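To start, I am sharing the structure in question, which I have written as structure tokens.
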Amino acid sequence: MFADYTTSELMSIFAMQGFAGLILFSVFVLMALGLAIIFGQMGVINMAHGEFMILGAYITYLTSNVFADYMPNLFGAYFFIAMILAFIAAGALGMLVEWAMIRHLYHRPLDTLLATWGLSLILQQCYRTIFGAREVGVTLPDWLMGSFQLTDIIEVPINGIFVMTLAVGISVAIAALMYKSRWGIQVRSVVQNRPMAGAVGINTARVDRLTFGLGCGIAGVAGSAFTMIGSTGPTSGQLYIVDTFLVVVFGGAASLLGTIASAFTISQAQSTMEFFLSGSMAKVLTLLFVVFILMLRPQGLFSLKVRR
Amino acid sequence: MNSSNTDFVLAVEGLTVSFDGFKAVNDLSFYVDKNEIRVIVGPNGAGKTTVLDLVCGRTKATEGSIKFRNKELTKMKEHQIVRAGVGRKFQTPSIYGDLTVFENLEISFPRGRSVLGALAFKRDAEVLQRVNEVAGMIFLDERLHTRGDLLSHGQKQWLEIGMLLIQDPELLMLDEPVAGMSVSERRKTAELLRTITKDRSVIVIEHDMQFVAEIADKVTVLHQGKILAEGSAEHVKQDPKVIEVYLGH
Amino acid sequence: MSYAGLRSLLPKNDLINFAVLALILVVVLPLSLDIFRLNLVGKYLTYAFVALGLVLCWGYGGILSLGQGVFFGLGGYAMAMFLKLEASSPENTAIQSTPGIPDFMDWNQLTELPWFWQPFHSLTFTVIAIIVIPSIFAYIIGVAMFKRRVGGVYFAIITQAVAAILTILIIGQQGYTGGVNGITDLRTLFGWDIRTNEAKYVFYFLCVFMLFLCLGVAQFVRKSKLGRLLVAMREMEDRVRFSGYDVANFKIFVFCLGSAFAAIGGAMFTLQVGFMSPTFVGIVPSIEMVIFCAVGGRLSIFGAVYGALVVNWAKTTFSESFPELWLFAMGALFIGVVMAFPNGLAGLYTKYCEPKVNQLIARFTGKSNDTSAELAPQMKTEGGNP
């Protein structure tokens, strides 16, 4: 399949596809980080995670409309406001869901999976009722439009770079929060030994709720970023949920570093193959590859050997 | 007591297991005789439960050998080790709460262990007789049709011991069989242990030194994955190192 | 088999359940519904096969597969391939550029029947393939997962990924599979038109017959020691392992059995509905099949049948009158059945109706009930945080 191209063309193709892969990687990372926190730290499968992401996307869409109608001169800055609003909205909904549903199901992971699937159906229908079945897109502010011309073949879009920067920034922030802050220590201690954490005075119920809220909030930010590179529909979230789960599982559920590494592998594989094969075959091969690796190494790429 | 050196039931040699560099069991060697009751004691984290895990295949050894009747166990799968004649009781009672005492024991009866065997399994006279016999030994003959969930903690411990007895293993490993039991339950358990240890070797992990002295033929003291002392209960109790790290002054 | 043996296999309550279900499916529904509605019921019943398999896998064994649509689809496609080949005889397809191959292949510029389609000229091969191919596929997945002790949510997600892979593959390989439209326009079985009312009656009763066959197998498995082992494994897998069982083999067996049931259901679907498409294979249909089982009661083989009927009937009714409400109802169903009624309809029946039914029977037969020692293994409703 490489025979039709010259070496320099191939290099450029790899560079371009590599960059396209990086944008996919950013979306994966943003979605998977939230999921990894919730699944890895709490052992809860949140099938509605994609819908939390879409909530963030719709919030961004609304914010951009409000800015366009009432504050057109500030339009260039709407995205930052939208991101914060998306985080708050998705996080608040997440905490509500944790309180109403998840906390009753902590010892039944499979049931959580089904219940959150139900939640995702309800949210999808809500979006459809409120925003309509058609996909909506946001207007990008001027400074995000256009692209850099690197060579005559390679050009990189600015919005892609922005999304990537965002993904990196949020990953660093999460890592700092989890491994450096007092709250991160509390979360990790609750994960490792719930009764003991409770006994030393950590309010485990509150930690659970905040963790779930944080995971959902990050999903909201992911949705916000998602609007930069694609349009949003009621079922857009569902398209990503299986991929994202595979990213998390593939990375080794409890490891943030693993999540990022596996998001990188999967997105690069998919995007490079997409150029040479049809999109659907690229996806099939990527998924098969991941499933195959998981059969060889079920604990994921990064995980510790622990004493039972 | 026979003490022929060539005919040990269990011979553990140079056994080491490390978890990410931490050696939970470090170059451990010990031998268990036929019909011997061996008690393993030691402070928390000494590697006692890990040793049992290694013998029954739940944890794979990094190095060393475990021979059961001259058969190497380290390469075998858990169910093969069980079928070879090693029975293991867990620290917390592991029984099937949704099944009755009868069904709990029946599942442990060593027949029909393959898929087809389990489909074709019949509750015949032999099974009924054996289940009733064991239920009597573990003081549960009145409760055969009670769900496992509804038993008391002590009764659950007995039930799990019963589930091992019905397999009739040659080597029985018990992890803290009297933990959480009342005084009277403890007494009954000691009595139970004495009856079931005829004709088989037993390894027991236990903390209660009085109980240990009551049942043990030989005591092994573990500390940081290594043997600190070995010998009769009296002998071990006098050992200054054991007093230092485990028994206290 | 001796009377006592039969009695332990089919205690009185189950006998009544079998009889009531037979009465409903064989007598009441065919007499009270027109053929259009009866055909719909037949379609719903094909999902009952899947739900039945899930009762054994998930309810008993604790293995939740979110990819049962894969096996439903494999069975359905196998049946559809046979019927499609018959519908694509050279005479019927004379106007195509390559006569004698299915129309969608012709549209996709295929000039030859692909090798894997060839054996589906034979009905014998097809019937065997319907059961064997999905079972082999399930066996491969089962060995790869269970021998390596992958279970729980990991297994659920991986089966879900398999469902996604197969759907994308079917849609992508249009020329070989009919793509997103699936395999349609199926007409005859050995020259006998399958679209007539007469054929629909025949297929309905065939479907009911197969369902009872599968129910019989499920009942046998459930009442054998294997059934109790599955419950034991669900609770204390290690204890079962250290009682000398190779736990993975039992999981593989029950997963294959559930897949074979699903595949039979898929084949029955193709016969009664007249087409097969990727919409019955993917993630969404697969997880919906789980809800049929959950609504019926994940531990009740009869519940599975009623669950499939009730949920699908509700789906049809809702979608006819309030299409926008159906997703809300479905979502609420998922949440409600998990949080409030983990034993589903069967749980409600056992709690509220069965005692009264037993009283009635006792009054009529004039003897007291045998309080059978074997109690149905109920789901424990483990409370969450206090």
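Letters are used for the chains, namely A, B and C, taken in the order the chains are written, and counting of residues starts over at 1 for each.
By definition in this document, contacts are C-beta pairs under 8 Å (C-beta built on N, C-alpha and C of every residue); 3 or more make two chains touch, one makes a residue touch a chain.
All values derive from a computational prediction rather than experimental measurement.
Any chain bridging chain A and chain B, meaning touching each of them, is among C; the list is complete. With centres taken as mean CA coordinates, the chain nearest to the overall protein centre is C.
Most remote chain with respect to chain A, judged by CA-atom centres, is B. Inter-chain spacing, taken between the CA centroids of chain A and chain B, is 48 Å. Annotation: 43 Å between the Cα-based centres of chain B and chain C. Centre-to-centre separation of chain A and chain C, using mean CA positions: 34 Å. Within chain A, contacts with two or more other chains are made by no residue at all. Among the residues of chain B, those in touch with two or more other chains are 58. Taken in their complex, chain C has these residues touching chain B: 5, 8, 220-221, 224-226, 228-229, 231-232, 235-236, 238-247, 249-250, 253, 373-375, 377-378, 380.
Against chain A, the residues of chain C that register as touching in their complex are 58, 62, 64, 66, 144-145, 148-150, 152-154, 156-158, 160-162, 164-165, 168-169, 171-172, 283-284, 287, 290-291, 294, 324, 327-328, 330-339, 342, 382-385.
The touching residues of chain A, when paired with chain C in their complex, are 45, 101, 103-115, 117-122, 124-125, 128-129, 205, 208, 238, 242, 245-246, 249, 278, 280-281, 283-284, 287-288, 290-291, 294-295, 298.
Taken in their complex, chain B has these residues touching chain C: 56, 58, 77-79, 82-83, 87-88, 90, 94-100, 102-104, 106-108, 110, 112-115, 118-123, 145, 147, 149, 160, 163, 167.
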